[in-house]
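Take a look at these structures.
One chain, chain A, appears in both complexes that follow, with chain B as partner in the first and chain C in the second.
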Partner chain A sequence: MEVNVKPRDGLQLHAFLLIFIVHSTQIGVGLVGLPRIVYLDAGHDGWISVFLAGVLGGVSLWFMVKMLGQYDSADLYGIHADVFGKWIGNFLSLMYMGYLAAAFFVIYINYIEIVQVWIFPNLPTWQLGLVLTLLSAYAVYGGIRVVVGTAFLSVMGTLWMVFVLFVPLKHSEINHIFPILDADIEQILKGAHNSSLSMMGMELVLFVYPYIKEKQKTQIFSQIGNAYTAFIFTLVTFVSIIYYAGGSLEQTIWPVISLFKIVRLPNLERFEIIAVSFWMLIIVPNLCIYLWAASKGFSRIFAGKQKWGLWILVSLIFVSSFFVKARYQMNLISDIIGKFGFYAAVCYPILLYFIVSAKNKYFRGKNNHAKGS
Partner chain B sequence: MPKGPKWKTAILMIASTLCLSGCVEARQLEKLGLITAVGYDLDGKNTIKGTVVVHKFDALAKNVTKVISVEAHTSKSLRQKQNLRSDQRLVSGQLRCVVYSKALAKKGIIQLVDTLNRDPNIGNMVYLMISEHDASSIINVGKKNVKLNLGTYLYNLIRQNVESEQMLSPTLQDFNHSYHDNGKDPVLPLLKLENGDVSVAGTALFKDDRLVGILPTNKLFFLKILAEKYKSGTEEFGFNREDFKSILKGNEGRSFRTVYNKLFLEIDNIRSHTKIKLVDKKNVRFRVEIKFASRLLETTEPLELGSAKNVKFIERQIEKKMEKEIHDLLIFFQKKGVDPVGIGNEYIAHIRGKKITPKEWRSIYKNAKFEVRVKNTIVKTGVID
Partner chain C sequence: MFKWKKESKSQEVFKAHSLYIDELKEQLKNELLYSDITFRHLKKNGNRIVFCFLESLIDKSSLDEFILAPIQNNEKIEWSVQGFTQVLPLSVLTVTNQLSEIISGLIEGNVYIYVEGDPYGLLTNLSKTVERGVEKPETESNVYGPKISFTESLVSNMNILRNNLKDPNLCMQDLVVGKRVKTKAKLVYIQGIADEELVTTFKQRISELEIDYVPGNTVLGHLIENNSWSVFPQLMTTELPDRISIALYRGKVAVLMDRSPDCLYGPTTFFSYFESTEDVYMRWNMGLFLRVLRLTALFLSVLLTPAYVAVLTYHYEVIPSPMLVTLGESRSKVPFPPVFETLLLEFVIELLREAGARLPTKVGQTIGIVGGIVIGQAAVQAGFTSNILIIMIALSALGSFTTPSYLMGTAIRMIRFPIIIIAGIWGGIGIMVAFCFFIIHLLRLETLGKPYLSPVYPLQWRDLGYSFFLVPYQYLAKRPQTNKPVDKERFSEKKAKLKKDIDE
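And then the complex of A and B:
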């Protein structure tokens, strides 16, 4: 397998699009439940946890881009093959593909559940599932440019939702935030750890990197995307903590959608229905980009066609959704994948960075793929 | 134009997306009965009686609303039973008002509030209220009046009063917030039937989800000052005539009769700003500082308002009166063991390192002390001196 991917000119992207790729992948279905999750761990200091998680994401992102910078134009699959050789490298790549597909799956079932609870209680899972999988498969069919296009549209289309947060702010009680730093470090770190499911997404840089035209700008633009996410997440958590009383935040499964309940327009009584529908616009680029990255693995590892991989994944995910029925099963799956995501998206790239650096330092002569050799 | 096969898949995908999105259940407005108000009563010891007002969209019907009353244990089985009695399917998406009877509220209403929270069809801005007597009697007011949609009527009654700040906002969201807050207790308006009209008769004070006391309407002014940023509301203060002797206008030729035994001043709140400070953590002493800008609306006797000294004098008198009233009110709440002001939140926000449970706060609250300082400025005295 070639370590470096050399896409033709027409497929390359401007570096600033990384802002949209990183941000739209991070913001997703996890945000809807985030304030409650961190509140359960860190109490009213949860917003600090979320901020820390954002910083941690930024650190991990820095290592990723530094690692990618040691190659000409490689993606994670190529790096795996280069560092670990054919067998171990491909095995790790397969694991990572599994993680990407699982991330897709979590987003997918969680969103369907939200729609079922909030809007259509009688809607069978498979109907919306079919729509979502077909939609994302269709986008992936169009290639990386279409996938990034959905990311761009999603960020632009949902920009206004931040301003809606001002409405609950009017009904909030600022005293809830005091005393600041009341929780101990352990609780705050635990909260930061548990918000990783919502923060996942920056690892996609590892896959889109070969497609970036101005590679030296990757660092700055992906960091902007991550910082914007961290800002939004902290803001949402902060507003939720002062808007909800502690007890009710602990009980509310989707605090962010319940936040929208307070908004009331003269001709639209139930704003949260708009919010839930708009959330689809937020998760579609998530689905697309995870599906794209996972199916890309098929063409990279097996030298097969990405198309086949795409359909295999889509049908696997669609079928698996039949096995998840109750809320507690969904919680369990989200928990496992969230935990796994923390290692896969945050810790693993840092580890890999050191391995790659060490390898390039000590085996420079042997490695004819790395830059400068 | 793209190549053939790709084009076909695209069409297939779009078509299936469209078809699937049409799969959800359709609800026609004409076939629905929209519940606009619900009343709950305690019926005997073991059952609750639910009464609903249903709004119909039927051009031919004479009566746009219909009242159905049934008995059950949970509100959702009430709904089922009500559905049996209706020619239209009852839906609760337009629910505006929920009325609980006082007897029921004394036993606790969280079961019935919880089901409102659980149901995604019900908005967060539903008004909750308490009725002095049976909730069904309030709901039944709509029965006599053909044109009246009671749900909307009650809703407007409350909303009008909330918007003109005569009342603390009693939405489901506010109730939830105060109920779950460790350092605050909810309040809801109390309704009464007066000559066949529904009117607001006071504020029901809750300890957790149980009604424990009633605050008369004339004290609400002070509660509002304490509990939130307040920009309106009027209040009358009675004073001994002797205290005001020095600034009474002399009877120069004309005589003003003294109608009442006291001298009354009516003032109007332009803006108030309240700070509750925990000044002594050990002895739990709170200082309530109120900055208050007011307008003199009415005096029952002519006062000399031309000089700054006299206005200052009235300001001081009102301050003293308010300090006493507010202090009395805080003591009243303390005696009842309720905290609608949110003093507990202030306390919890300043205690580090340990989590204070509602129970702990209640026992601390019993021994809390308050000092009240009011700074009143009369900024306007109307168009005449």
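And then the complex of A and C:
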């Protein structure tokens, strides 16, 4: 397998699009329940946890881009093959593909559940599931250009939702966050750790990197994307904490959607219904980009066609959605993937960075920087 | 066998005609079966001349005046090709003896002059085409701007364009469209502005067409599009010469085709269908207002009626209670579910539009009044629809008619139907599914290899001033990047932005 990917000219993306790739992948279903999850761990200091998680994401991102910078234009699949050799490398790549597909699955199943709870209690999971998988497959069929395009348009199209937060701000009580740093460090760190499901997404840089035109700008733009996410997440958590009374935040499973309830326009009420529908625009690029990265593996590892990989993944995901029936199963899966995601998206790239650096240092004399091997 | 066929064909192409007039006549009659081919003979000293032409295609008075009269009046000249070239007052004379060349010449309105026994004859163009005069634009009418539109004649269309743009770099390359009927066409662009690659792509796509006959530029557009399954048009046709002139200087490439009263040009991105030439003639801030109005109308037109269906079928809690009462009252007599009600009324509107478009103008107006007042009022009173829905349908129909391009307007009206149906099935979620689908679909489309949603994605800041918003002229120093123009600057940006000090 070639370590470096050399996409043709028309497929290359401007580096500033990384802001949208990173940000739109990080924002997703996780955000909807985030304030409650951190509140359970860190109490009213939850927003500090979220902020810390953002910083941690930035650190991990820094290591990722540094690692990628040691290659010409490689993606994670190529790096695995280069560092670990064919067998172990491909095994790790397969594992990572599995993680990407699982992340897709979690987003997809969670969104369908939200829709079932808030709008259509009787909607069968498979119907919306089928539509969502087909939509994302249709986008992935268009290639990286279309996938990134959906991310871009989704971020632009949902910018207004940030301003909706001002409405609950009017009804909130700032004293809810005092005293600051009431929780101890361990609780805050635990909250940060538990918000990792929502923070996942920056690892996609590992796959998009070969398609970036100005590679030296990767670091700055992906960091901006991550910082923007951290800002939004912290803001949302902050607003939720000061808006809800302590006990009610614990009992509200999707506090962010409930935040929308208070919004009232002269001709519209119950804004959360519109918000839940609109959330699909946030979900779709998420699904597309995970599906794209996972199906890319098929052409990289097995030298097969990405199209086939795409259909295999889509049908696998669609079929497995039949096995998830109850809320507790979904919670379990989300928890497992969230934990796994913490290691896959945050810890593993840092570890890999040190392995790659060590390898390059050791082999520099023999192998000339591991380029083009 | 295939090879043999090819050979026989190529042999046929290079075939000289017979040296005897009677045989020549037979040959021509065999090739042009049942046509109005006419022969005129002259005799002198045992020499015979024949003039062959299609009666319907040539200008007979010029035949008499410029060919027959000089030959009959000049007793002295020798009857041969050389002799005729001395006396015939015609600028273009072609010497040939190839049967196929003569046939295609005759079809184009040439006269073939042949002296019996000579190795060659003369072919000269005396064609007369029937064409209407230059008229005001009808399908794309403007309040401001030049009141002239393209006609069916290629030559006069070229004339209009050349007169608009007196620029030596204005190129008009010859093209032939179609395999059986070979229609003349011209590829128009500005050398030094239009991207070479764009010109080649356009030329290649047209010349590689393996089709018998192309009836016009709109059809040519459909034939060379990237995605023929999509409802969205990917290449635009216009009847306004000034629109083409403006487009050419933005680095676009156009095609003029004979017998086609409109001009095809590209690349035309999604947002360029919402541009009217009038926006350019207006002051920029008014133009901006109109542009934004049209884009808002697009969203209203696509989403308003589906939203009505979604809200009334599933999410009535979204509507504040005072409004809900009015809505409920208005709908209380209606026995159908909202989807059916909406589809019915949308259907009526489409019927009215189609009937108005097919009928002569005067009757069309009556139809509009009949439809608008009688059907609308009666439908409400009969309890078929609610008043509020009529308002919404009218709004969304109006919205779709504000689109300057008729094709795009039709596309917008068409996509409304599936969205209404899916809104009837899944409410707000359904609308979002459709919305996401159309976003992905538009992202996937291309126009002549350029992204269809440009300049929004891929984002080109400077182009937004051309196609999405309008900005004052000093900020439009660069040509749109989407077309990848060779010469990027329209004028010096620095000079335009020079500012004087107070009292200087």
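In this section, the second predicted complex is superposed on the first by the 365 of 373 C-alpha atoms of A that agree within 3 Å, B and C clash if a C-alpha of one lies under 4 Å from a C-alpha of the other, contacts with A are read in each partner's own complex, and residues count from 1 in each chain.
To be clear about the criterion, contacts are C-beta pairs under 8 Å (C-beta built on N, C-alpha and C of every residue); 3 or more make two chains touch, one makes a residue touch a chain.
Predicted, not measured: the structure shown is a model, and the values here were computed from it.
K.L.:
When the two structures are overlaid on chain A, which partner does A:267 contact: first (chain B), second (chain C), both, or neither?
P.N.:
Once the two structures are laid over each other on A, A:267 reaches chain C alone.
K.L.:
One more residue to check, A:145. First (chain B), second (chain C), both or neither?
P.N.:
In the superposition, A:145 touches chain C alone.
K.L.:
Per the contact definition in the header, classify A:175: touching chain B only (first), chain C only (second), both, or neither.
P.N.:
first
K.L.:
Looking at the overlay, what does A:120 touch: chain B (first), chain C (second), both, or neither?
P.N.:
Both chain B and chain C are touched by A:120.
K.L.:
Please work out whether A:281 is in contact with chain B alone, chain C alone, both, or neither, and reply first, second, both or neither.
P.N.:
second
K.L.:
Could you list which residues of chain A make contact with chain B in one structure and with chain C in the other?
P.N.:
119-120, 123, 128, 131, 135, 138, 141, 264, 269-270
K.L.:
Which stretch or stretches of chain A touch chain C in the complex?
P.N.:
13-14, 16-17, 115, 119-120, 123, 128, 131, 135, 138-139, 141-142, 145-146, 149-150, 152-153, 156, 264, 266-271, 273-274, 276-278, 280-281, 284
K.L.:
Could you please specify the touching residues of chain B with respect to chain A in the complex?
P.N.:
Chain B reaches chain A through residues 9-10, 13, 16-17, 20-21, 23-25, 93-94, 120, 123-125, 173-174, 176-182, 184, 342, 345-346, 348-353, 355.
K.L.:
Where on chain C does chain A make contact in their complex?
P.N.:
The contact residues of chain C facing chain A are 314-315, 317-320, 323, 426-429, 431-433, 435-437, 439-441, 443-444, 451, 453, 456-459.
K.L.:
Going by the contact rule at the top, pick out the chain A residues touching chain B in the complex.
P.N.:
Where chain A meets chain B, its residues are 43, 117-120, 122-123, 127-128, 130-131, 134-135, 138, 141, 171, 173, 175-176, 178-179, 182, 243-249, 251, 258, 261-262, 264, 269-270, 272.
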